[in-house]
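Think of it as A, B, C and D in the order they're written, each chain with its own count starting at 1.
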Amino acid sequence: MIKITEKTIDVQKVIETASSLGAGAVNVFIGTVRNHAHNKNVVWLEYEAYEAMAVAETRKIIDDAAGRWPLLGWAVSHRIGTLKPGEVAVAVAVSTKHRKESFEACQFIIDRLKEHVPIFKKEVFEDGEEWVGARPEAQPTAQLN
Amino acid sequence: MIKITEKTIDVQKVIETASSLGAGAVNVFIGTVRNHAHNKNVVWLEYEAYEAMAVAETRKIIDDAAGRWPLLGWAVSHRIGTLKPGEVAVAVAVSTKHRKESFEACQFIIDRLKEHVPIFKKEVFEDGEEWVGARPEAQPTAQLN
Amino acid sequence: MKVRIKAYGIARDITGGTLDLEFDGQTVAHLRKSLYERYPALSGLASMMVAVNQQYAGNEVALHADDEIVLIPPVSGG
Amino acid sequence: MKVRIKAYGIARDITGGTLDLEFDGQTVAHLRKSLYERYPALSGLASMMVAVNQQYAGNEVALHADDEIVLIPPVSGG
């Protein structure tokens, strides 16, 4: 299951979808909205996705992971729209026979997802907003000393 | 939360307990009962724990993990009693600011738990039963060729 | 040639979203050159990928009038 | 000395569970020696830890009559 959704992510459903009777291990990564970033309070986040391609790119990542580890089940769900602190932005679950490979495969999938999948996040602060990662890293001059 | 319980593990509860508003990452490991082991069908498993010490040893592992990674929340729940294939035997969840440390801390906790916490597992097959790990690894002569 | 382009995230904020662009040449490189001239702010982004028919496309990729062309600023899912 | 011992898992199956053991000496090492004599099957285990008052105890640890002493065969949680 690869899902891009405006609705609250049902983590239990993601886990169940990834589970398998032959598996002894399920690893789950849940990305949640932090209540602060860059020492500022996050009021909300906005996520948008180039959906068709986001699904296709995620599928490639899963296929790649399945070639590296013997996955018995998997599921990825990514939220879009407006999210408040504490809400789940992404959930990735994989099941494998043994535990080590479940950790490795899950981390691989979320790492790749963050690098390659066309989903875009805007942080909205009390005094402004910012597309995450959009600008080259600025040197915060106030902190250079 | 450290829990040794005869009741079905509520994974969602474990995740909620480990979650934190300041966290951006939650990693969850779920150990489930496989339907086969050593090429035999597992009918059921029996887990027993030396409960007071199991809780104390798990607490030490958590303290150790908290000294290595900045944990914002955590929860460990281990089932005892009779478990059928597919049921959850253990759930570990940790939340941290960033994702890498959530994977590392969660894996550390489950690895240590399996090595140090006095919980004992008996596999019951159609034709017999076996305390897991109790005997020195026998060379399965039938597979030596 | 003339193509229709869609943009997401900060690239949408800069370009206004869907746009029709006429430019000299046939490749992604030519498209980029024309875009950067028209929207100089795009060159200030940490990166900007171009996707053609839902695949990330290098500068050498040749474009066709009916391709699905999308501007992809730095991704930040998860 | 005389102590009461509890055992889990396969060690319980071998010893019958709770047992009173009288043996020469004061340490975990002496306890082990006496246990292995009385229950030779214990020495066939992959490992057997002794916990004293809910702590894993090395062979040199001195025992007292009212200690909580528990035999811990190979653990297999998770």
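Just so we're on the same page, a residue touches a chain if its C-beta (ideal position, glycine included) is under 8 Å from a C-beta of that chain, and two chains touch if they have at least 3 such contacts.
No experiment lies behind these values; they were computed from the predicted model shown.
Any chain touching subunit A that also touches subunit D appears here: B. Chain centre most remote from that of subunit A: D (centre = mean of CA atoms). Centroids built from CA atoms put subunit C at 25 Å from subunit A. For the pair subunit C and subunit D, the distance between mean C-alpha positions equals 72 Å. Counting partners per residue, subunit A has 31, 99, 110 as the residues that reach two or more other chains. In subunit C, 78 are the positions where the chain touches two or more neighbouring chains simultaneously.
In this structure, the chains touch in the following pairs: A-B, A-C, B-D. Put simply, subunit B touches subunit D in their complex at residues 31, 47-50, 52-54, 56, 78, 89-90, 110, 113-122, 131-137.
Subunit C makes touch with subunit A in their complex at residues 8-10, 13, 44-46, 51, 54-55, 70, 72-78. Touching subunit B in their complex are the following residues of subunit A: 11-12, 15, 19, 21-36, 85-86, 95, 97, 99-100, 102-103, 106-107, 110.
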